[in-house]
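Lettered A, B and C in written order, each chain numbered from 1.
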Amino acid sequence: MSAGTVELAVCSGIAHVLVQNSGKFNAISRLMWRELKRVFGSVHTNDEVRCVLIQGADGHFCAGGDISEYPKFRFDPGSLRDFHENDVWGGLQAMLDCDVPIVAQIEGNCIGAGLELACCCDLRIAGSSARFGAPIARLGFPMAPREAQLVARELGLSLARQMLLGAAVLDAVPLLATGFLSQVIEDRLLPEVALSVAQGITMLAPRAARMNKQTLRALCDPDLAALGEVSGGSAYDYAASAEHQEGVAAFTQKRRPVF
Amino acid sequence: MSAGTVELAVCSGIAHVLVQNSGKFNAISRLMWRELKRVFGSVHTNDEVRCVLIQGADGHFCAGGDISEYPKFRFDPGSLRDFHENDVWGGLQAMLDCDVPIVAQIEGNCIGAGLELACCCDLRIAGSSARFGAPIARLGFPMAPREAQLVARELGLSLARQMLLGAAVLDAVPLLATGFLSQVIEDRLLPEVALSVAQGITMLAPRAARMNKQTLRALCDPDLAALGEVSGGSAYDYAASAEHQEGVAAFTQKRRPVF
Amino acid sequence: MSAGTVELAVCSGIAHVLVQNSGKFNAISRLMWRELKRVFGSVHTNDEVRCVLIQGADGHFCAGGDISEYPKFRFDPGSLRDFHENDVWGGLQAMLDCDVPIVAQIEGNCIGAGLELACCCDLRIAGSSARFGAPIARLGFPMAPREAQLVARELGLSLARQMLLGAAVLDAVPLLATGFLSQVIEDRLLPEVALSVAQGITMLAPRAARMNKQTLRALCDPDLAALGEVSGGSAYDYAASAEHQEGVAAFTQKRRPVF
C-alpha cells in the first residue's frame, strides 16, 4: 500500500507541486512530510523557479494527516514529539523558509494538515467546493504549539478558536471575506485561474519577490530580530540591480518591464 | 437597589453564566466584576464542566459599566486605577485564564464592558439585533491600557480605532465578516443555536480543549515565554491518554468517539 | 515643473490636509514627504485640532511615489536608504506619532505610497472608485522593511502578500469586509460623509482621544515597553479632569456632553 507522494515538476519558471495519497484525500504520511521538506528546499535554491503552484490530486487539496499510521507512533510522548517537531514541522518550516512565492490551488478538503499546508502559502485560491478546518478535537488531541501558532497567525485567533475548540469546518466564502483566501472560483475554472496567477508572478521582478518574502517572514519573528537583519543589512543592496533599473526605466518609457 | 448578579448553574457539562442587572441592560457593577472572577475561577477548576455558555438577561448581553456607581470612585486617580486594574481586570483575567471553552450568546447591546466580556470568549454567536461598540469617548474617558490591548487583539486595530476614536457602534453582520463573530442568527433562534453549539463542544475531547486553550492563550503573551513552556514541557504528555486513544480508535473503526 | 504640495488648513477643530501633485494622481515627491512630516508635527502640537481629515486633490488619494524623481537617487544603496529611512519614514512616522485622530477620505488611486499614507490613518472612508495596492514588483523593487511592517500590520499578512507578491490591486468592498475601511460610500457623497465623520470626532472628548491614540500606538510596539509606560505612568491621571467629569455628569443628567 502506497504511503503517498509529493511530486515536483518545474516548467516555465513555475514549480508544480502535487500532493497525492490515493483513496485518502491526499492525507499526509510521515514520508510525505519528509518529501515536502525535500521538495521545498530544492525549490528555494533553484533560481529558475519564480513561483510555486501547489495542489492536491483528484479534486481535494489535503484532508489531514494519514491516520492509518497513527497507532504506530502517536501513543508515546517521545515519538509523538518527534513526529510533530521533526516530520511535520520540518515540512512546514521548509515551506515557510522558501523565498519563492507559493500559490495554493485548493479544492475539496483542506483540513488539518491540509489547512497547515495552506497556511504556509502566500496566495490561496480556492474552488467553491473547498472546506477548511482542523476538527482534531474529534480525534482526541490538541494542535501542536507551533502548528497552532501558524494557524492562528494566518487565520486569526477567532477563526482558529472556532476550528480548534468548536471543530468548525468552514466554506470558502467566509475565508475570502477575512482575507485568508485571495480568490474563490468555480471549481471547473480553478486550475486555469490558479495557473494564470502563477504565470503572472513569473513576470514580476524575481529578486524583489525573494526580498519581500524575507521581510514578511521576518515580521512573523516575535522579537523582530530578523527584521533588524533585513533592515540593517541587505535591505537596500538592490539599488543598482538590473531588475530595479529595468522596472523604473520601463515605467518611465511606458512599456512593460522584462525581468 | 440591586447592584446586579452573575449567576452560575452547571447542567450536563455546561456552565451557564447569566449576567443580570435589571433596568440597566445588565451593566456591570463593581460587585459583578468580582462575581465574574469568582464564577470563572470556579468553572476553571471544575472538571465536570466542558463548556461555558454566557449570556445576559432580558434581551441584552451587557451595555457597559454601571455608570450610576462612577461618581463614587472614578474621579480620583488611585481609586480609578484600583477599579480598572483590580475589579475590571480581575474579572476579565479570570475569563481569559479559564481553560474551558467559552461560548458567548449575544443579543441586543454588547457595549463597553459588554464588548470586553465578549472579547474574553472563544466563540461568539450573535443575534441579528446585537450592536457592538465602546463609545466611551462620549463619557469623557479613554479605555484602560490592558482593556484596549484585549479589544484591539480580538477585533483588530482598525475596528478598535473606529470604536474608540470614532465612537462607532457596529451591527453584527460586519463583525461576522471579519471573523470576530462565528455566527449571526435570527434573535428568536439564538438561544437554541447557542445551546446546540455548547452541547457540541461537550461531546469533543475535554483535555484537548484545555490544552488548546492553554496554547492559544500562550500565543497572546508578547514574549511567547508561555508558548515555550507549553511547547517545551507538557505539549506531548497526552500521548498515552485515554481520550487520545479513543479518538484515533473511533476514527479507525468508523464510529463516533465517546470522550 | 511643480514637485507637489501638502497643504494644511485648520477650521472648526479640523485640520484639513490636502495632498496634491497635479497630473500625477498626487504622487508623493521627496519634498512632499518632508512636508507631510512638517504638517503632522504641527497638527500634533496644536491643541485646537481635534481631528485631521486628509484627502488627495482631483479625484484621487495618491498613486504612489513620484517616479520621475527615482533615477536621481534610487540606484545607489546609500541614497536609496536615505530616501526610505529619512524622507519616506520621516513622513509616515510623523503621521503615526500624531495624537489627533486622522480620517482618510479616499477616492480613486490609493496605491504604493498612497496605501502607506492610508495605513497611518485611524478611520479610512473610501469612495466606491477607490483602488488599493502596492504593485512595486512591476517596478522591480521590494517594499522597504518598516513600510512592509506597517502595511502588513494594517492590512493583515494575507492581503499584504497579495499586494506585494502578486501585485494585486483591490477594490474598496473587500477591504471593508476585513475592517481595513470603516465605510465605502458613493463617490459623489464621499466628501460630505467624511466631513461629517470628522465633525463627529470634534464633538468627542479630545484628551481621551489623545490618550487612546497613545495606547493604541503602544500596542504596536513589539516589546510593549511603551504600553508599560502608558499603563504604569499616566494611564489614570485623567481621573479628576474636567472632560471626564463632564462626560459622566452629562450621561447621568441625560444630556449631551460639551467637551
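By definition in this document, a contact is a pair of C-beta atoms (placed from the backbone, for glycine too) under 8 Å apart; a residue touches a chain by one contact, two chains touch by 3 or more.
These numbers were taken from a predicted model, which means no experiment stands behind them.
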Show me the overlap between the contact partners of subunit B and those of subunit C.
A
Fitting the CA atoms of subunit A to subunit C, what rotation angle results, rounded to the nearest 5 degrees?
120
Do subunit A and subunit B, two copies of one chain sequence, contact each other through the same residue numbers, with over half in common, or through different ones?
different
Centre to centre, by mean C-alpha position, how many angstrom separate subunit A and subunit B?
32
Flagged in subunit A as touching 2+ other chains are 177-178, 222-223
Touching residues of subunit C toward subunit B in the complex: what are they?
101, 122-124, 153-154, 176-180, 182, 197, 200-201, 204-205, 207-209, 211-213, 215-216, 218-220, 222-224, 227, 230-231, 235-241, 243-248, 250-252, 257, 259
Residue ranges of subunit C in contact with subunit A within the complex:
67-68, 70-71, 74-81, 84, 136-146, 148-149, 152, 155-162, 164-168, 174, 177-178, 222-223
